[in-house]
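Below you'll find the structures, each written out as structure tokens.
There are two complexes below, and they share chain A, which is joined by chain B in the first and by chain C in the second.
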Partner chain A sequence: MKELVIISGKGGTGKTSITASFAFLAKDKVLADCDVDAADLHILVHPRILHEEEFRGGVKAVIDSDKCVQCGSCRELCRFGAISAEFEVTPLSCEGCGVCFHVCPEQAVSIEEGLNGRWFISETRFGPMVHAALFPGEENSGKLVALVRNQAKVLARQQDKPLILVDGAPGVGCPVISSVTGADHVVIVTEPTLSGLHDMDRAMQLVKGFRISISVIVNKWDINAELSRQIEELAANRGARVLGRIPYDAQVIKALVQRRCVVENGPSPAATGIREIWQRLVDDLSLELRQ
Partner chain B sequence: MNAISLEEEVRQALQKVIDPETGLSIMRMDLIHDLAVTPDGNVSLIFRPSSPVCPMAYSLANAIKKSVEAVGRVTSTQISVRNYERADHLESLLKSLSRKEP
Partner chain C sequence: MIISVASGKGGTGKTTIATSLAALLGSRAQLLDCDVEEPNCHILMKPTLQTFESIGVPVPIVDRDACTLCGKCGEVCRFSAIVVIGDQILTFPEMCHGCGGCMVLCPEKAIGEGSRELGVRETGFAGPVEFVHGRLRIGEAMSPPLIRAVKEKINPEKIAILDAPPGASCPVINTVTGSDFIILVTEPTPFGLHDLQIAVEAISPLTIPLGVILNRSDVGDTEVEKFCAAKGIPLLAKIPHNRRIAEGYAQGNLLVTSAPEYIRLLLQVFKQVRELTTIGEMDLKEQPS
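Showing the complex of A and B:
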């Protein structure tokens, strides 16, 4: 079984659209949407939820108003401004660090586990998928990513699937680290903008730290050919394989509006680019193509 | 018959070992493979951490060993570690911690 993770560094480069296209092109696979802070792969793959569970990964402070003497110690030391003038905890601001719990002289603060999100096992038009949704403002997405990846592996073993296709999180933070650790290969999708170049470099440094092989896709390459060249040069210098370029193509938008991926919608420049790139990945990783 | 019920006891003990990152049982996470229990209480299993660099592997391995050894009729526990960068070191540590192994 191989685990292929698609990340981007910068958000909005087309990572999920390309993952969905790969999901269409791959033969036997399990999908995992690990972009749990802003999950959207489900929009393109139309899941039918078979199993659903709560995710409880974080804690929040709760002040017992009967015990609180409003001395102000907690409010003074809270670095997140999470305690109001009425000595109530604002859930969206509380990081669950526990300082208020430790400084309260009246033991009026308790730290309680909260419901942070939900996770799902679904059947989609491209095969089984494990996915999740973190509630707005909730933390610990790295833990939820670990859970989603693990359950995708369990599902792949149970159903004898040779490939897990993971839509990772953007950035280089905890959910990305959780998305890539122990993976077989990471694909970084970037775009020819300065932030695309910069964030790809940071993502590459992160993944190299885990000694995982990397390849790079330049999406919408023709919006800035010179930056595309610089991206490819940098990627090669960092030891990453440049899988190819995908041109800007209005057909991608049309497909997304129809909740489809571009490779499903007949020939187009972007679809051709993605198919060629997938073929190279298949060859590199000894995967099987869809029949 | 006796061996089957002991195996079930061991499985139930392992069900109670929770991965703190996912909040799921290690059995549900499919981290335990090839569990074998002999009629005279020798338990062997393979522990596969969820990643080769799992930060919880040592802690989980210790919890696995303790939970199995807490089952009354277990006489020895042999844990092999796979798919983990420091598998040899962890295995040797588990052996040195063993109370019931000969």
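Showing the complex of A and C:
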């Protein structure tokens, strides 16, 4: 079983549209949406939820105002500024460390488990999918990502699927680290802008730190052909495989508005580019399988 | 005056808007790039950086002579960053959230404070615009403390423009908390709408006034506009798709440079922000640069 993770560094480079197209082209796979902060894959693949569970990833402190004598110990020691002048906990600032709970002389603080999100196992027209929704503003996205990936693995094993396609998050922080750790291969989708180049480079350094092989796709390459060339050169210099280019194509947004993926909508320049790239990726991955 | 520029969905034009607003305000602006995972403002603003500081999170350093291996630290640490196993005390600094609990609660006062580098904070000037950004160390998972360190540099004398990370989770909340106004930049697609909805849901508990800028406003459908109308969210500006803006951005040029015809529109945005906030007057005449 191979786990293929698609990330981008920079947001909005086309990661989810390309993942959905791969989902259409891949024969037998489990889909996993690990962009739990702002999950969008479901918009294109229309999951029918079969199983739903709560995600409880963290705890928060709660101060009982009847017991609190406002001595100030907790406020003084809280490093996250989470206790207000009125001795109330600001949930969005509370890290759940429990220091206030331990130092309160009146035992006025309790630690309560919060509900941070939900996760789902669904059926889609492209096969089974594991996805999640972190509640807006919540933390612990890394834990939820790890949970989604684990569930996708369980499902792939049960149903004997050879591939897990993972849509990752933008950036290089907590959810991205959690998305790529231990994956078999990472695809970075970038765009020919200086920001795209800069952000791809950071994402690439992160993935290289985990010793995972990397491929790069340049989306909307014709926005700037020279930068596309520079991106491919940098990727190659860093030991990544350059998979190919996809042209800017209004058909991508047209498909998105129809809530479909572009390769479903008949021939278009972007669809052709994505198909060629997918074939190369399949060859690369099976080549690795043979070794 | 603090104005955050956030988006929900990535790549909708947050940085394009934030940098151009700052450039228009000139010496009255301070631009703070809070997208510490993938900071991009410097690419467009090309600041001269003057200060470089390493920002760390406090992690435990154990004085092994003073430690009696009582195990209290391991009991209180909720992040599995310190533990006593047999006759050994182990620390895992990469797991530590820097709460200081082990240091405070150790009965022998045997735990002192070290530091794990989260990243760097850099400050300088881009022409007349005061500039601050943070760069998260590659491999570091925890961005909020670095975001807070960037925000410590907010200059109350200036109009601070904060470029937020994408998404709707804790890094975004850490950025926009304390703002006087939030501009949400989105695009008229199902992705743009969905991520706008969760961004609005995430920030609404903060009760900060907000408005939407619709970027590439002519490429998709009308659902975002319907959502804004239904929610009573002011639509501050619509910027149509423009190959010149995209190509300019690719090469690191500001929107106000590659498409100066939008300067008036962005000044209108300021005017609306002023009307929508109860904070004092801003002098929003264009600054010669």
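Criterion: the second predicted complex is superposed on the first by the 276 of 291 C-alpha atoms of A that agree within 3 Å, B and C clash if a C-alpha of one lies under 4 Å from a C-alpha of the other, contacts with A are read in each partner's own complex, and residues count from 1 in each chain.
Heads up, the rule we're going with is that a residue touches a chain if its C-beta (ideal position, glycine included) is under 8 Å from a C-beta of that chain, and two chains touch if they have at least 3 such contacts.
Given the structure is predicted, the values throughout are model-derived calculations rather than measurements.
Participant: Following superposition onto chain A, is the placement of chain B relative to chain C best described as a clash or a fit?
Facilitator: Overlaying the two structures gives chain B and chain C room side by side.
Participant: A:128 contacts which: chain B (first), chain C (second), both, neither?
Facilitator: neither
Participant: Report for A:47: first if it touches chain B alone, second if chain C alone, otherwise both or neither.
Facilitator: neither
Participant: When the two structures are overlaid on chain A, which partner does A:57 contact: first (chain B), second (chain C), both, or neither?
Facilitator: First partner only, chain B.
Participant: For A:157, is the partner it touches chain B (first), chain C (second), both, or none of the two (neither)?
Facilitator: First partner only.
Participant: Have a look and say if chain B or chain C is in touch with more residues of chain A.
Facilitator: C
Participant: Once both structures are overlaid, what angle do chain B and chain C make about chain A, taking C-alpha centres and a multiple of 10 degrees?
Facilitator: So the C-alpha centres give an angle of 120 degrees.
Participant: What is the contact status of A:273 with respect to chain B (first) and chain C (second): first, second, both, or neither?
Facilitator: After superposition on chain A, A:273 lies in contact with neither partner.
Participant: Considering only the touch criterion stated at the top, classify A:98 as touching first (chain B), second (chain C), both, or neither.
Facilitator: second
Participant: In the superposed arrangement, which partner chain does A:244 touch: chain B (first), chain C (second), both, or neither?
Facilitator: After superposing on A, A:244 lies clear of both chain B and chain C.
Participant: Measuring by CA atoms in the overlay, how small does the chain B-chain C distance get, in Å?
Facilitator: 10 Å.
Participant: For chain A, what residues appear in both contact lists, the one with chain B and the one with chain C?
Facilitator: none
Participant: For the complex, give me every residue of chain C touching chain A.
Facilitator: Residues 7-12, 15, 35, 37-38, 40, 43, 58, 76, 78-79, 97-101, 104-105, 136, 138-143, 165-173, 177, 189-191, 194-195, 198-199, 201-203, 205-206, 219-221, 246-247, 249-252.
Participant: Contact residues on chain B for chain A in the complex?
Facilitator: For this pair, the touching residues of chain B are 21-24, 28-30, 50-54.
Participant: Along chain A, where are the residues that touch chain C in the complex?
Facilitator: 8-13, 16, 37-38, 40, 43, 59, 77, 79-80, 92-93, 95-99, 102-103, 134, 136-139, 141-142, 169-174, 176-178, 191-195, 198-199, 202, 205-206, 209, 223-224, 227, 250, 253, 256-257, 259
Participant: Touching residues of chain A toward chain B in the complex: what are they?
Facilitator: Residues in contact with chain B: 55-57, 143, 146-147, 149-151, 153-154, 157, 181-182, 210.
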